[in-house]
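Given below, in the form of structure tokens, are the structures.
Two complexes follow with subunit A in common, the first pairing it with subunit B and the second with subunit C.
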Partner chain A sequence: MIQSASRGPDRTKRGGLQQAGRPGFAWSLPAVAFFAFFALLPLAVAIYLSFTKYNGIRLLPPKFVGLDNWSRLLTDDALHRSIGVTLTLIVLAVATQLPVSLLIGVWAAGPQRMRALVAALYFIPLLMSTAAVAVLWASLADPNFGVPAVLNGILGPNNVFSNLLGKPATALGLIVFIYLWGASPLHTLIYQGGARAIPEVLYQAASVDGAGRVRQFFSITLPQLKNTIVTSTILMVVGTFTTFDLILILTRGGPSGGTSNLPFFMYDRGVTALDFGYGSVVAVVLIALATVVSVVLVRATRYDEMQGTQEGL
Partner chain B sequence: MKNMRGRTRVLALGTATAIAVVAALAGCSGGSEAAGPNSSRPEGEIHVLVLADAAASAEQAAADRFNKTSDVKVVIDQGATAGSEYQAAVRNSAGSASAPDIFMSWGAANIQPLLDAGALMPLDDFIADDPELQSAFLPSVFDEEVVDGSTYGIPMRGVAPTFLFYNKSVLEAAGLEPAATWDDLLAQVAPLSAQGVTPLGLAGADKWPTQMWYQYLFARELGNEQVAKGLAGDADVWASDGSKAALAKIRELVDAGGFGQNFDSVTYGTDGSAALLRTGKSAYELMGTWHFATLEAGDADFVQNDLGWTAFPSVDGSGEAGEIAGNLSNYYNVAADTRYPDTVRGFLKELYSDDFLNDELTLGNLPPTENAADLIAADSDLGAVNKNYLSFVVGLVADAPTFQLSWDQAVPAESQTPVQNAMADFFNGTIDADAWISAMQDATAR
Partner chain C sequence: MHTRTRPNWIAGIFAGIWLLIILVPVYVMLRASFESRATYAQKGPLALPSEFTLGNFAYAFDQGFGKFLLNSGIVAIGTVLIVLVLVPPLSFAIVRSRSRSVGVVFRLMLFGLAIPAQVVVIPVFYLIDRIGLYDSLLGVILPTAAFIIPLATLIVSGGMREISNELYEAMAIDGATSVQTFFRLVLPLSKGGLATIIVFSALNAWNGYLLPLVLTRSADLRVATLGLGVFKQEFSLNIPGLMAAIVMTVLPILLIYIFARRALIRGLMGVGGK
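Moving on, here comes the complex of A and B:
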């Protein structure tokens, strides 16, 4: 980091730009109304439903049951496992997507035409519907007719791939892999843009000073991409928190609940089981957990006071 | 900091608005009990909400026939294609003036919440006027939606018991006959495995195919009457010796390699298990009536030449010979506040008319009616293999002393997933027999 706290912009005293183009509250009314209607209102309904018993029949309106649904929170092992699955998925998603997207993104930022071609091919999964992709992968994962059947010939029978959907660990691994395949192109795109914005002069100066490629990557590229990394990581975390379509189609939360994350669990308890009260409890838990994680992320990465990385250039 | 406070204020304002709207919604949704004809329903027509799949054409044709002679017209509304969405639509609209007059359901457990809400009309008076509304249908199917002595649903669409499908060439190559007893089946596992064949194909990833094995072993060991008691909440049934014997048999078959090693990765929807049977990689598969159409779609020649079918093997237990399990049928239910009950009754007659039943047969659905066998024999559009097949299914259902609805559909919606999970988890060894028993006791406790 180049700048220190004392050299950073003084937000309180600086006028001009800070005040320019900031209209009054009225300007934000459409956005606020939209947010209130499509985010806050459903949230309020979910909180309200979480204190009721309701099975979706309007003839029998939600019946207030106090904390009945909430008391199940502490004893429901399936819910606890879902929280674990959700967090595991997030950790694995970030651990796989971050390095892969970062490296490919920086690589694709280079000027050669070949790189642009490879990058364009790499972005194809981004254009596909997750539902269609899930059905496709279900066929590919079939132990008798899919990829595992081919691998049996190479790795021998009963290898790690021969029962992909049948074991919690491999099923979770498959989902992480599909997400890596499907989501990393987006993050690669972000890193590509970020890497292209790094001024060439920094690399030229480093070359003059004798820094090799690796040193340049760690001393220039990485620090310059700090804000990009933070943004992309937050997107990954939020995206993985709400993973649902793939799990619904590919594993239905199985085997033995091993891939049942919170969104799927919420769907199962709320919609399949027609228990909108408890389903809403799970929804509120999901929101609370996501809020905690995002606050921690924002604080830990100082996303809220993010500053330019090109101070002094 | 000032900025922050502003944001908080906006948030508070939004939340307050939202809560006010919720309160208003809650206030006006204090619904009244639906009963008697509702005159705010559309005039001069009744609405039938149908599942928007291939079979909807038969229902549309029935409405067209009916409308030729009726002043009050039947309007067919095509709803969702997926059962769960369809049911959500029915539930949401129940009791309102825009609710369908006639809609379909999946069995007694499925309609219980609507019954509790007073949204369904008992059809006993209709049947008193027109006894064929009951007598035309197979009792084992008709009785499903008789609750506390009153009938709430009339069977429509096909009946779908489960039984064993097999690949004739595979059994022949191993020098085997289709298994008639449980011991036969168990003894065939080794020779079939030796041929490099999965003895019993199973789409375990979907869980409901796994459940079919329990349904038959419990029918054989305990009898469906006991099973029904267990599903209705009798915890002793699941802990009984017969239950443990059935579980032990399942364990023995799984451990012997009857289903191969990776059945939990095989799915039904993506043609996993059907392709196994079709291509000779598995010998048997326990599946529902619709499997014929699935296999035919994959390879029509196989179905014509190599596909065999047989009743589930006998087991030395307390169950009667020939007890079966599977999906009984769908049922038409009537809204309690329909404006034109007489029109509804008239339209329901279509469900046992030859025209409607023949349309169902053409679609591959086996009508749950007493005259199904005659209709099949008289149908000149059906090929010999299809006729044989349908006649076999008719015989299976007609001769069955009991017909147990699939377990996950016989329990309330909130128990569906726990029941399916228990089936899959015991099969693959995640839980033992005791854990399975307590899982079933929990899932069926009322």
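Moving on, here comes the complex of A and C:
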């Protein structure tokens, strides 16, 4: 590993045996062509469609309308509200999932057999698709046939749980809670793995020094899990950012747009309303945001540095 | 943590409460799915089990769930096949090729990691419609597979990097071509990574919602996730029927969990936020 990744492999001094059996660029072509057509071309098409009027009907091809769709970006209050909803959901999702999955994951990493068994039960929501989770919780939250009907008997009628989906604040709260239920088992698993990798000696040394449990958590466990926390937080942000099916099935963006995040907004105003041009504007905004997230992701997890270690050896 | 023998009661209680929060909805789902509508309406969601009927599963089947599950299976298998054919050669090139262009390809994959399929559903619809694949399962499979390629490539190439240089040199001394090296050395040593991407791709395809929603229209092309959404829309009062339908969509994943637990967990880690 003398050469750095940025200078690339030194191909002048090596040859013969070093080159034998190495794949050429052609090996990557089928995948690259396929990926370019179905994943990269759509990015360009999104930009093109954002300057057109297009209602998704083959007989009426996209018609160029200049900046008409883009000018709505600044004046559409519903869109601005969606951006707010998206950011609120991301903040609340991280604020709830991070502490719960971190604490549960570290707890489950303990040596007791019981904990491993319980950890397997925590895993159950991961067997369900988001659509299945959404339908299950929609039924549980149903005011007449779900848990609220039971709670009405205990807490009296018209308590806070009676109509969770009726008010934007409680509907958002329910969505965040369902995220927590459905997604935190994955992060628990990640933290469990991370905590198991912390060298036992560190805790032994701390015990000798008289550090208590809380002190050990904050001065050993947390710092040692720093990379895990970064990775898992980014996964939470990406997951929340692109959630669509939960909102479509549970609230359809309601009440009065209070739970309409950007992907749902794009579907609702673009696909359902047959306004694919404006939907493409939202798509371009989403792609730009996703790219920012990606840059952070690549930096934080150092995926790009992995390339330097073995490539071209 | 062996040194800390004193039991941690606070953590234990918190873990227990969390376990209840996880399990109660699962219990409600399982119990309701085996109970008639009348019993469920009378006893509510939280009662103890008092009846056993398979009527809800028969009902879900009548609503087309057999067909929906089959469609999901076709989409999952198709996606896995495409990923399996395309990703290993690409990963091999990324890890072993000396070509500068391959470095560009690797960066492209890192960029692709960021684009979730949902975000580009409108332009994907436009493309799929233009090539005449709108309202077909193949039209769902192709973009689903494309968006899996970046992460699958990272997983598989990560495994291929672990293959030692001596093994490659031994192949080279035997005069092996790149094709022989690939099939006799690289593929057999990449089994773990391949198992992971099989499960990862299948889960991704199985859980997909927005792509099939926008790219298909016919009721008999519905995948299971869409079927659940429509079922909830039309029969939200039949909770036992809905729960049975959910259980049916969970069963295939449960089978993977039982038979390929390690690959499933690694596949899930790749999924990230779903």
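As a convention for this text, the second predicted complex is superposed on the first by the 252 of 313 C-alpha atoms of A that agree within 3 Å, B and C clash if a C-alpha of one lies under 4 Å from a C-alpha of the other, contacts with A are read in each partner's own complex, and residues count from 1 in each chain.
As a working rule, a residue touches a chain if its C-beta (ideal position, glycine included) is under 8 Å from a C-beta of that chain, and two chains touch if they have at least 3 such contacts.
Given the structure is predicted, the values throughout are model-derived calculations rather than measurements.
Novice: Give one of first, second, both or neither to describe whether A:Val135 is in contact with subunit B, with subunit C, with both, or with none.
Specialist: It touches subunit B and subunit C both.
Novice: More residues of subunit A are touched by which partner: subunit B or subunit C?
Specialist: C
Novice: Would you check which partner chain A:Ser71 touches, where first means subunit B only, second means subunit C only, and both and neither mean what they say?
Specialist: Neither: A:Ser71 stays clear of subunit B and subunit C.
Novice: Kindly classify A:Gly110 by the partners it touches after superposition: subunit B alone (first), subunit C alone (second), both, or neither?
Specialist: second
Novice: Which partner does A:Leu40 reach: the first (subunit B), the second (subunit C), both, or neither?
Specialist: Touch status of A:Leu40: both partners.
Novice: Given the touch rule stated above, what does A:Pro185 touch, subunit B (first), subunit C (second), both, or neither?
Specialist: Only subunit C; A:Pro185 stays clear of subunit B.
Novice: A:Asp268 in the overlay: touching subunit B, subunit C, both, or neither? Say first, second, both or neither.
Specialist: Touch status of A:Asp268: first partner only.
Novice: Just subunit B (first), just subunit C (second), both, or neither: which does A:Arg58 touch?
Specialist: both
Novice: Under the stated touch criterion, which partner chain does A:Asn159 make contact with: subunit B (first), subunit C (second), both, or neither?
Specialist: Neither: A:Asn159 stays clear of subunit B and subunit C.
Novice: For A:Thr251, decide between first (touching subunit B), second (touching subunit C), both and neither.
Specialist: After superposing on A, A:Thr251 lies in contact with subunit B but is clear of subunit C.
Novice: Would you mind listing the overlap between the subunit B footprint and the subunit C footprint on subunit A?
Specialist: 25, 28, 32, 35, 40-41, 43-45, 56, 58, 62, 135, 138-139, 142, 145, 271
Novice: Note which residues of subunit A are touching subunit C in the complex, please.
Specialist: The contact residues of subunit A facing subunit C are 8-9, 11, 17-25, 27-28, 30-32, 34-35, 37-46, 49, 54, 56, 58, 62, 100, 103-104, 107-111, 115, 118, 121-132, 134-140, 142, 145-147, 149-150, 181-183, 185-186, 189-190, 200, 203-204, 207, 213, 216, 235-245, 248-249, 263, 266-267, 270-271, 276, 279-280, 283, 286-287, 290-291, 293-295, 297-298, 303-304, 306-307, 309-313.
Novice: Given the complex with subunit A, which residues does subunit B contribute to the contact?
Specialist: So the residues of subunit B in touch with subunit A come to 6, 10-11, 13-15, 17-19, 21-22, 25-26, 29-31, 33-34, 84, 88, 91-96, 113-114, 116-119, 198, 204-207, 261-267, 269-272, 275-276, 281, 413-417, 421, 424-425, 428, 430.
Novice: Report the residues of subunit A in contact with subunit B in the complex, numbered from low to high.
Specialist: 25, 28, 32, 35-36, 40-41, 43-45, 48, 55-62, 135, 138-139, 141-145, 148, 158, 162-167, 251-257, 268-269, 271-275
Novice: Along subunit C, where are the residues that touch subunit A in the complex?
Specialist: Those residues of subunit C that touch subunit A are 1-4, 8, 11-12, 14-15, 18-19, 21-23, 25-26, 28-29, 32, 40-41, 44-46, 82, 85-87, 89-90, 92-103, 105-116, 118-127, 129, 142-143, 145-147, 149-150, 153-154, 158, 161, 165, 168-169, 171-173, 175-178, 180-182, 206-207, 209-210, 214, 224-226, 228-229, 231-232, 236-237, 239, 242-243, 245-246, 249-250, 253-254, 257, 265, 268-269, 271-274.
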